[in-house]
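In the two assemblies presented below, subunit A is common to both, partnered first by subunit B and then by subunit C.
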Partner chain A sequence: MSTTSTTPTLATAPDTARLRTLLRRPAARKVLALAVAGLVLAPFAHAAWGSGGWPHALSVSLDEPLRSAGDWIVDNRDSHWLFLYFFGHISNVIIGAVHLVYVVLLALGWAGVTAGAALVAWRAAGVRAAVTAVASFAVCGLLDMWVPTMRTLALMAVAVAASVLVGALLGLAAGLSDRTFRVLRPVLDTMQALPAFAYLLPVVLVFGIGVAPAVLATVVYAAPPMARLTALGLRSTDPGVMEAVESLGATGWQRLVTARLPMARKQLLLGLNQTIMMALSMAVIASVIGADGLGDRVYQALSTVDVGAALAAGIPIVLLAIVLDRTTSGGSDGTPVRRGHPAVGWALAAITAAGFLLTRSHDWPRGWTVAVTEPVNRAKDWMVDHLYSGIPGIGGTADWAAHYTGWVLDPLRDGLQALPWWGAVLLVAALAWAIGTWRTTLTAVLSLSAIGVLGRWGSAMDTLSQVIAAVAVTLVIGFAVAVAVARSRRTERLLRPVLDVFQTMPQFVYLIPVVALFGVGRAPAAAAAVVYALPAVIRIAGEGLRQADPRAMESSTSMGATGRQQLLQVQFPLARNELLLAVNQAVVLVLSVVIIGALVGGGGLGYEVVFGLARGDLATGLVAGASIACLGLMLDRVTQPTKGARDAR
Partner chain B sequence: MRGKWIAGAVALGSLGAFALTGCGAADMTKQGSPYANAAGTKSVTLSVQSWVGARANTAVAQYLLEHELGYRVDTVQVDEVPAWDALSQGRVDAIMEDWGHPEQEKRYVSDKKTVADAGDLGVTGHIGWWVPKYFADAHPDVTDWRNLNKYAAQLKTPESRGKGQLLDGSPSYVTHDKALVNNLKLDYQVVFAGSEAAQITQIKQFAKDRKPFLTYWYEPQWLFNEVPMVEVKLPPYSDACGTKGEAEPDSVDCAYPTSSLKKFLNADFARKGGDAARFLKNFRWTKRDQNEVAQLMAEDKLPADKAAAKWVKAHPDVWKKWL
Partner chain C sequence: MSGTDTVDRTPDAEPSRTADSKPARAEATSAERASAAGQAGNLAAGQAGNLAAGQAGNLAAGQAGNPAAEPARKPGGEPARTAPATAADRSPEPGRAPEPGGTPAPVFSVRNLWKVFGHRPDRVPGSDLAELTPEELREKAGCTVAVRDVSFDVRPGEVFVVMGLSGSGKSTLVRCLTRLIEPTSGSIAIDGEDVRSMDKNALRELRRHRAAMVFQHFGLLPHRTVLDNVAYGLEIQGMAKAERRARAAEMVDKVGLAGMEARRPGQLSGGQQQRVGLARALAADPEVLLFDEPFSALDPLIRRDMQEEVVRLHRDEGRTMVFITHDLSEALRIGDRIALMRGGRVVQCGTPEEIVGSPADDYVRDFVQDVPREQVLTVRRAMRPATLGEARGDTGPTVTAGTTVAEAIDVVARDGKPARVLDGDRCVGIVDFKCLLNVVAGLDGPQRGGRLEKAAA
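For the complex of A and B:
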């Protein structure tokens, strides 16, 4: 990663003048201080606890207490008051609500749902969104995925409603009170940086496997953006307007409803959009804990490496993501919605009503399906035979995967696992302190230590090695494309819609094509992670590079700088903040996919979660989940630039 | 402070919950799937496991329930152990093939009575360690566990960290391999392929290159028709060893038992499930039947419903009795 750029003092520079200029930089001074502290403390740490992985003396095994807690919960789920009068009601309400929505969707029938979706899309985002909606729902039906799609929709509807409610309430509190905002904000920021898998185990512990825990996990995962953006929206209202409203004698409530909320409309819509997208992403992943629907079809197919079946269920997920994103982002960017002639709306309404009345068979008609599974599997088998290995000159995808695993991942993993634990702690502290504050440093160091204390050092290093390698690949490709985007408007125009689509897709679907290409193992997980993280990196870095001050660019050109010099010495330094943010995003996104990569043989911490779920060994899963959260926190803090970068998201 | 928020949200949520469901007790172990029995259909939810034999059972049961008895069948993928919990809670109605989970059986069948035994599947299952026939022919003494350490060097792979590789499939399957390797002092590393499909891919790859391998595997399995394998003899199974292993899973030092595979139903479903419950209780076929469907699915790549339809057409004498 960026080790070399942040530890320049470690290189022996004989030139003292150069050393002095270096020392004038605060980052260098901090790293030097840490290096000294490390030199002093490391021998003691070594003497006391040795220098291998995390020392046993400093770790606590939570397995036994967690296991007995799990057993107690299973034994008392049908008798203890806590479950009968509290969790039971929560679960009951969720199941009732999902059932209600599902029954309504089924009663509407395929024609009703399709036309209804088109109507909503048209009202919210215009004619093109409506056409997209119709086409997408038709494809879901054609692929024989109608019922799973409706199940996912029903679960989503309930989860989104709850997320928006919880998020808006939290956001309102944080938007109106400074203290709440200060407390809530780091929590929300952190929650957004954690991989989805970390949220699954606690709900399973209490509720078991099923739809209720799936909805709860989805709510916890999807509510933070709504809360964050509501708070930010309320806080960014124009003080002049507020003063004017106040002088009119409006009460607190009136001010909120008539001025602050309408002025925060853009952020609220953006929050809704992000919440919906995250809910979809999680609703699909939650199939691992029994969410059913489209995600379950993908999960079933992945566990038997049936690429055709996975694709048949993956396409509806992608289409659902596109429809939901188009529909809910319609009003938020400020451009007027193009609805065409009002007659379009009436026509849609009429079709909805007609569809509702006419379709006696509510399921998608049985004959109207296209079987894609077999042709896709045949194509995949052809690929296995012809592209996997032995292509003269370039090898094959399986060869690449083997090389990536053997030459990059294995040495990196072995290196990290052989690194003395105090060395890892110092390294993390140095990285975090060089670009952050003492607070981020402390959080990062504590998180890393927590992983050790929980006894997951080895698997965490395995996961970390996968993250580092995938982030490196992402950054090389991402920055290269970002440079091209920054240089040419045309490239940017061509890429933008592609990036838009890629950014809205749930993490889960990226696992499907990589299994087809690379088989099972750590390499496909890395490939999925790179593809998932690339759009955000390209977008952020591209914007940063483009915004580099044109005067600086011009003066550098007039000084005879070549394109390369200009890029390295002017554009990159000027865009430093955006590039750091891009690195941060890359790390967070890559981690989230590397973790779910466990479903395709990725290993590491994610695998322990899958293992814990599969064996009903919640203790293992919970501890691994907590370690994932710590790793996410650590990586986020290590790469978090000091100021204001997060608001650019 | 965060706690306060969570507490506030929880309080609010529970208030809403009470408002909606009334103030009585709400037993979450009696709450089924929200998708079951929607819009007037009779539906059955079957737990489906990832190995192909179990998918063959489920495929045929689903086909017959849908086409002969007019049910709507949902399949949900749940791993073996959580499936018991889901079964007891009524989130799935039936497990079609269980390889023996004494701890769960005691908890749910005898103690809580939320799960009902639905009889044998008719297939006997055996788990063990296997080596390919071509390897056993060349080195006949490899089929005794005492000689395994001699061959550890030949069975090394990049993933096995310098030891011999013992290939396992999905971590969710019944396995004591880690304990066995430890207790028998074998110089081997258990490597999980991650899924059965991945394990099959690897075995086929090995067989194609005529490379030696040692794998966790089980009977009945159609792969034996393609890659002939010979079982490695482990210390013989005894009831004493079995009981010890139940109490202390890390202490297992003998072979896997040969067990009769069983079906289990949710207790309420077994009582009130009508035709479907009766059908699932009667469902009983042989190793040959199961392998036939499994091979159609795994080798000929037929979708589950087509494979089931093919078998159903060919063997009415077997399934007519179940209805």
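For the complex of A and C:
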């Protein structure tokens, strides 16, 4: 900041010219204006409130009122009419529905469920999806995870049904009314940028710990994509077709049912797919607030660093994700579904019926399981002994983790925490304004200030340091791979299936392998975050680079540009929006995992949420959750160029 | 001759036709002629006229009707487009009773129509703001005038072409007719019924049954098959599935897409897609077909095909059509009358011959200057008065008054002698090499002189 502001005072004649060219760039002008404002305001801020972390005078402690509110809710949960006649009913309906689905799944028996899933997958996405479904459910059973899988599935089924209903209704409203769309869109955009953890605490406050709040948190987390895509789908219908339909005398209802909805089919299916994937992701995380099933197994195993048990529960989660994704993305890309011979369908139906009738024991047969926990744990122990440290030349994973923590994270955290609070605010403002509009800047600054006001400045800076470091690593690796992907078709073909699988996996399961490799602490959380965010970054950046206007590429080739020149001077500038979007996604995704990283010793805001939940100290957890939301909002807005810029245009 | 000049739906109208010995007037409609016949005292023909007026362009009537309809529409393979249709031209003709309000009741009657886009548009029409240039208006009031004080009538059975360059307001105008775009002021009547005062239901009925539209970009539903797209309008009307599919199949057949019923729009070429659009519009059996630049997005060859398709449909069914285009040759090829628009205004409205032969202003003149005049203008325009001897004589070639100059050149060149122009049995003039060449060279008509004077001034 000070360097930019000193330039004009020291400027000599040639410097003035350079400055003038610099000032012609709008971003530079904005930053300069901010720097001047900072120079004027900072001394006052320093004089009034000091220059350390966020000043106490400017913060409001919500702990007491929240604590008393929490106590009041706990005291009145069984007596107050609001709980008895409203929240109580909601809770009962949800619990009843989940239980009903669970009982039905158990009654179908393992054979019935497997064949039924195969039938649905075959119908929706073809033979390959059906085979995947059968194999996946078989593995779930083999790992002795049948019952937890069914519990997760039951919870998810209810959550997805509710999410789709809520999302579709909201999406319809936003798709048909401009005003609703204008109100809803920023809300939905923001909700998608917030980490899952931020949604947990408010529902816990009202509903306590259990299945009902888990389902509700899942619905809140998973409904936005459905609403968003429904609205977008309805809005993007060809106006020419709509006009033609109107010219034929269609009523509003006929226009919706016969033209708009069918034409939005692709987006609706994509919305369904995304909702299901996010519901799975959240249903697993919601184990923290009492959702049982696979997530709970992973959660318990991680808390005792029992990698074997975590893996045994993690594999079914991954398989479930793959099956659900393959099944629900089958029809959305427009290619016809390959179902093979119709007899396949009848066979599957027959097996379903047979399985339902014949299986005596509805549970997975006892003898058919493979115990993976022990061997995995032994392998992990071997790794601890042999790979963690002391490999000549390259050290070991624990060494790397220690170096990363000691040399990167600690200095960064200390630096951020030592940064004067007004400096941080100015920095965020400068970044946000340089990339986005005054609107995003304002939101970012207000969000950051809100964290300070809530009194979570220190832990927020801790989390922020982890996010920044992990984002930097993600972007370096991600852009490098993206360049490779954009340059070579073969790399792209090789990477695509890998990225597909990685993108479908819930955040939670990334924690398992990193714990095995790096132990606990901030480094494994960062590793998980990087791995989680990489596929999206590679995909977005790679597509952006590849779709750079071929004519521009051709003309630069014809002028004799080297590959490097072409990359730096043509592809990067042309793909600017995609690259910025990739940065935005990297920030959002990394934050979401860094927060869950608290479960493996990540510390920061996420730890306060977990701590609050574990101790029943909802006030701490709620304030931390709100801070997470603010941090997410700030990071999203700071890196959000395209939408703001496009809207301004 | 006289047998070919009318499009009568019933044989009862026959006597009146024989009495009417005027030349072929293709653009005159059955209703018009039948009402004339009714005035002449023929009750049966009068009834036929009522019937025809009620169902002008009705498919069933068109198909079941007198085969004589066809030659009337198309003498010599081209849609006949001969005498001007104004009442003034018609009055001296023998055999026709002088009619009060001689034109038939128009299908569409548009008066002082305005469409202004932008902020508070209703203050523009009729005020001082309307006098401003488009730029000034946008600056001052934030408005854009798309249609400016437009009035015209569309007569039953004619092809009324609205032509203009892009931005001239023609597409907005045609959308105002069924209020797909709400007009700012003025009046629109369909068969005398005020369109602007219609409520939602009446308007929907109008769109469902009376006026169907064909769009430049087809507007087909991508998720439906060809057959279901064609049946879509009927489905919206609530017709039962079997019935609407049967009817749609008939329409698909009619536009020449038989065998492609099960395809989707994405699998069709542009021309085929537009045929689907046409079939969809026809399926509802509307009184009027509205075309909004239907062939602009097509290749030239396919465009020609489609134009012929429309000409054929019009010849077969006599349906009233309003046709929007920016293509002058298209307008001349299919239009009975053409309204030329510029900047939201109608600068000239008349038959192709009037537009080409007597441009109203320099803009129109520039517009039509490249038109091959000999193919549009008729010998009526080229001929010189016959001397007594020439008029009496019955040797040498003859041409009818509706013949185009190009055809007359062919006749005169073959025989090497001047040809007599016959209106019925009467010789009304003579065309020789000189007068025909004058037309080709653009040296004919009083306008030419006027223009030269103007240029000199």
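We adopt the following convention: the second predicted complex is superposed on the first by the 619 of 649 C-alpha atoms of A that agree within 3 Å, B and C clash if a C-alpha of one lies under 4 Å from a C-alpha of the other, contacts with A are read in each partner's own complex, and residues count from 1 in each chain.
The rule is simple: a residue touches a chain if its C-beta (ideal position, glycine included) is under 8 Å from a C-beta of that chain, and two chains touch if they have at least 3 such contacts.
Here the structure is a predicted model, which means the values were calculated and not measured.
In the superposition on chain A, contact of A:V98 is made with subunit B only, not with subunit C. Contacts of A:V166 after superposition: subunit B is touched, whereas subunit C is not reached. When both complexes are overlaid on chain A, the residue A:G616 reaches subunit B alone and has no touch with subunit C.
For subunit A, the partner that touches more of its residues is B, with subunit B and subunit C as the two candidates. Look at A:F518: by the touch rule set out above, it reaches neither subunit B nor subunit C. Shared-chain residue A:V305: touches subunit B; no touch with subunit C.
In the superposition on chain A, A:A250 makes contact with subunit C only, not with subunit B.
Within the complex, the subunit A residues that touch subunit B are 74-75, 77-78, 83-93, 95-96, 98-99, 102-103, 106-107, 151, 154, 166, 169-170, 173, 183-184, 187, 207-212, 287, 290, 292, 296, 299-300, 302-306, 309, 362, 371, 373-374, 377-378, 405-406, 410, 519-521, 600-601, 607, 610-611, 613-617.
Interface of subunit B with subunit A (complex): residues 1-2, 5, 9, 12-14, 16-18, 20-21, 25-35, 38-39, 48, 50, 52, 55, 74-82, 84-86, 89, 91, 107, 112, 114, 158, 170-172, 193-198, 201, 301, 303. Interface residues of subunit A, counted against subunit C in their complex, comprise 238, 240-241, 243-251, 254, 258-259, 262-263, 265.
Interface of subunit C with subunit A (complex): residues 178, 180, 204-209, 212-213, 215-224, 232-233, 235-237, 277, 280, 284, 290.
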